[in-house]
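Look for subunit A in each of the two complexes below; its partner is subunit B in the first and subunit C in the second.
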Partner chain A sequence: MFGSATTLERALILIVAAFLVFLPSIVRDPYHIHTATMIVYFSFMAASWNFVCGYVGQLSLGHSVFSGVAGYVTVLMFTQMGLSPWIGMLFGGFFAAVLSLAIGFPTFRLKGPYFTLTTIAFAEIMRIWFENTDNFIGIPLKGSEGLVVPLVGDSFWAFQFNEKLPYYYIALALLAIIVIATAIMERSKLGYYLKAIRGDRDGAEALGINPTKYSLIALSISAFFTGIGGAFFAQFFRYINPERNMGIDLSIDMAIMSIIGGQGTVLGPILGSFILHPIAEVARTSLGGSFLGLHLVIYGAVLALTVLYFPQGIIVPLRKLLARISGGDVK
Partner chain B sequence: MDPTLALHVVKNGLLIGGIYGGVALGLSLIFGVMRIINFAHGSMLMVAMYLAWGLWAGLGLHPYIGAIITVPALFGLGYLVQACIISHLFRREKAFVVEPLSALLLTAGVFLVMDNLVLMIFGPDVRAVSIDLAYANFFLGDIPINIPRFIAFVSAIGVAGVLSWWLKTSDMGRAIRATAQNRDAATMVGINVPLVYNITFGLGTAILGLFGALLVPFFSVTPTLGLAFGIKSFVVVVLGGIGSIWGCVVGGIVLGLFEAFASQFVTATSAQIFSFGLFVVILLVRPSGLLGKA
Partner chain C sequence: MTQPLLKVDRISKRFGGNQAVKETSFHVNKGEILGLIGPNGAGKTTAFNMIAGYLESDTGDVVFEGVSIKGRKPWDICKAGIGRTFQLSKPFGDLSVRENIMVGGFARSADRKRIASRADEVVDFLDMKDVAEMDALDLTAFDRRKLELGRALATEPKLLLMDEVVAGATPSEATEMVELVKKIRDTGVSILIVEHVMHVIMNLSDRVIVLDFGNLIADGNPHEVVNDPDVMKAYFGEKYVQQSA
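Now for the complex of A and B:
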């Protein structure tokens, strides 16, 4: 699965994975489980973003639209049709994937910053539309107020649990799925095509790779997973609104966690979220509400430092360090 | 639409559009010369507005007098951001060519730091300057024209004129244009390219210092105001053609008129959907802008 990894790296990955699985037997209080769930959730979201953006080398700052749309589909299917969120989130993810094709088809022709700005524009259009629409052809969207998922009590079918623990394991399972999916993609034809497009788009095209087609395939998978993550978030908080689930802040979080950790790698985005989210959490709790926005100041500074000193993400120097410790060759 | 109403809409669109153009001038200049999209552009306007507000609230300085301080302050801010942060990218890359995305990311980092530092210092409250002039009007025929908006509009055109004249005639202006055309050749004829970059960036943000002071009398400021203005500036620059000074003013006016008419049919917040939609359509259909060369 991680063919290029050294023995030490594999050992470390296994230890971290085992730690995550057994974490709830060490820490039990709901607050810490909640925090751990959020870290895993952000890892999942960053990894979903990375699935297309990291590999194809385009910066999307509009991914939150997939999270939001799928979240709304899941919640509405539950409240309006009584459909289980487990099925609803698949529909939501599918819906996000279709939407991503509609957005991606025209925009993937654009390069660099133009692509980025267009993704922001699409996401903002959707967010503003949701915020200002109370009722769309009979569907109660409730505008900026958002939707509350009615409480039904401890029920697997309704994706509602009295304790935090089940949510944690669901998030962890989702993370495992995206890690495996990315690892498979990386070694499949799709992965090689995407990396070729990232390296030299015109060159890849000259070799007969259709850049738009393969970018779109990756984007739709990425949007599907992002949508699943959005549905999870809506169920976890039993609440969804355009600002939190569709706003640019979420897109920025996903992107910078990936970039700081190391985009275009299987584990980089997870490393990024494991570094950044705890910072946000500590900034918020230890300093109280007195410093609103402190964690984003730190995110911004870390982002700037990473771009300047580790343009490929923190995972690269980390792997070199590990290789040196184990005495292997530095790649 | 009845003609009087239409005339009012055109007036509103022209005034705010000219201001959009003025705000976007710096973004266009910086992109034209350095090929960098400054993601923190709107945030720097926000900082300028806070500064103008602070000078008014703290020292009782009228914002128009405060501009004497905000313009050099913002020049310094831009100069320092370029000299201390962005220049590292240029140094790392060969021949002063920067991968556009790393520059965008770097300025996105600056954007996050700036917006949230201001949020930490001033909190999320809306701040406004209240001066009598804010409600003063003069009449052009039957149409009342708000004086501070008119001043900002005229200043936008004035700044565009002065800037294009200065770029054409002064030594530094020539050096900037030469650098924009060909960095390597500019270096070879003895132009100090890093200095040109610092000054270009400083100039681009100094214009924001002016508009920050001109905007506060009729525009209240919050820490999150920057992004909306930043995105609108991108729209304006793309509309007008990147790097074109007069294109910027034209782009601003097109956007202003478009928004003013759109807001006749939907609420003002929903009207933003149309600006973003216009942006997407222009980028997809005519990425070189309205006045740009294809």
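Now for the complex of A and C:
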């Protein structure tokens, strides 16, 4: 969608990017910075999900397993081996990518609901295993209690900062990376192939495409990024447990934000997160105590409305509107 | 005689109790258009799928350019030089017509410039310049067929398997398609075509083979074949043949 973006769209993207970069000079309240960081984090996670699921047209509801496993790898490498979380994060990402191949190889042969159910099953099995395992061959997983990242104070090496601001900029940098990666992928052979597989799997095979192979390539990249996000989350809260970092809620968030924003586009998932996370946050803070899970009700309502009126995501009518304003053609 | 481009040797396929294709053998010569006809359920598409790698034959062998391709996957068979179209053509959405054709090009090259210019050639060849930048899902049914053909051509096949290319087309569209298929053959591509519309088969084919209940019942030039009593029996039944005799 970068390639076909109108001038107005490009300008708008730049304005939003500049706004995000300079936001902390307008907003100084730590709570607001925290919320902004979470919005950017969810944008990154939704975009990571979209990298495979949006383009290949398969609904994974088990992506949180990559986030969780990579988060654990990062935290454990720090606490057990004294390795910097920056390096642990990459290891975690690779670990998630390898795991994704093991999960994806059997599941990508399945279609539609069968694929979705299998991804849920894998992720839930892993979560339950983590919750019930205190010690695995000498590695202290501490079950459902989770792991705390020991405080070492303001240290770049240890990925720990006294202020919220550095986390915000790290999340923003990660988001920039996934946006660029997705834009490059979309215009590469992989992007064409994924769209072909989504459009007609048999037809794609007849054109020399091995659907499992290319789905797995995209899945492993997606899992790598999701893992990086999971590691970031663990560092941001200095805490990781199976439910928050590996639970199905996170998987659903990633999927729904992408679907509502516009899956299979570079910026759709980010739009989805920018719309949904603030709604959820407001619902949680203003009504959270008395109405637990209200944000999920709102998600459901927004999802239903989007599917009814903008089945390809909110980004589609938005782009049409922008094109009309600038008088250009929409693809 | 020189070696045929494709040699199908005693292939069979059984689905449960249904013997869809039974020990069928035929061949496609280089540069020829071979028509494959037969009543509904005769096993034409099954035979196609066994050549293109979507199904593996229970018996025999499929030999392309002297090499066995039996049991190979569709994407490998595409790379070996066999292209195919389907009865139902589904364009890849969120890609333009030109980009749809480029998808096929990646099978032969990694060079985007070369693929893009090859796609432009194919667009010209199909006379689809006016719709080249359109989202492929917005095409008319006939343009979808042409696009599917274009995608297959972009893989630079030596043999093209075409499944019912004029189904649902208007007479003028059918004529256009016939001309297009001839034009493809003239570029050196051999063609195996399944078709129900008889005048298309008669017009196009250098040779026709007939399948009935999984058996090959005739092989010859189009006019001989349609007057063959076995073929008439297969299509119209025993009585019709007796009456007209």
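Heads up, the rule we're going with is that the second predicted complex is superposed on the first by the 327 of 331 C-alpha atoms of A that agree within 3 Å, B and C clash if a C-alpha of one lies under 4 Å from a C-alpha of the other, contacts with A are read in each partner's own complex, and residues count from 1 in each chain.
Methods note: contacts are C-beta pairs under 8 Å (C-beta built on N, C-alpha and C of every residue); 3 or more make two chains touch, one makes a residue touch a chain.
The model shown is predicted, which means the values in this text are computed figures rather than measured ones.
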Report for A:W129: first if it touches subunit B alone, second if subunit C alone, otherwise both or neither.
first
Is A:I120 contacted by the first partner subunit B, the second partner subunit C, both or neither?
first
Does the superposition put A:I137 against subunit B (first), subunit C (second), both, or neither?
neither
Contacts for A:D202 in the overlay, against subunit B (first) and subunit C (second): which applies, first, second, both or neither?
second
Counting only touches as set out at the top, which of subunit B and subunit C does A:M81 meet: first, second, both, neither?
neither
Going by the touch definition up top, name the partner, subunit B or subunit C, that contacts more of subunit A.
B
Once the structures are superposed on A, label A:I26 by its partner contacts, choosing first (subunit B), second (subunit C), both or neither.
neither
So, does A:K189 touch the first partner subunit B, the second partner subunit C, both, or neither?
second
Going by the contact rule set out above, which residues of subunit A touch subunit B in the complex?
57, 59, 106-107, 109-110, 112-114, 116-118, 120-122, 124-125, 128-129, 131-132, 248, 252, 256, 259, 291-294, 296-297, 299-304, 307-308, 311
What residues on subunit B touch subunit A, complex-wise?
37, 85, 88-89, 92, 100-102, 104-106, 108-117, 119-120, 123-124, 223, 227, 231, 234, 238, 267, 269-270, 272-273, 276-277, 279-280, 283-284, 287
With touch defined as at the start, can you tell me which subunit A residues reach subunit C in the complex?
189, 192-193, 195-196, 198-200, 202-210, 264, 331
Subunit A touches which residues of subunit C in the complex?
52-54, 73-75, 78-79, 83-86, 89-96, 99, 102-104, 106-107, 110, 133, 135, 148, 151-152, 154-155
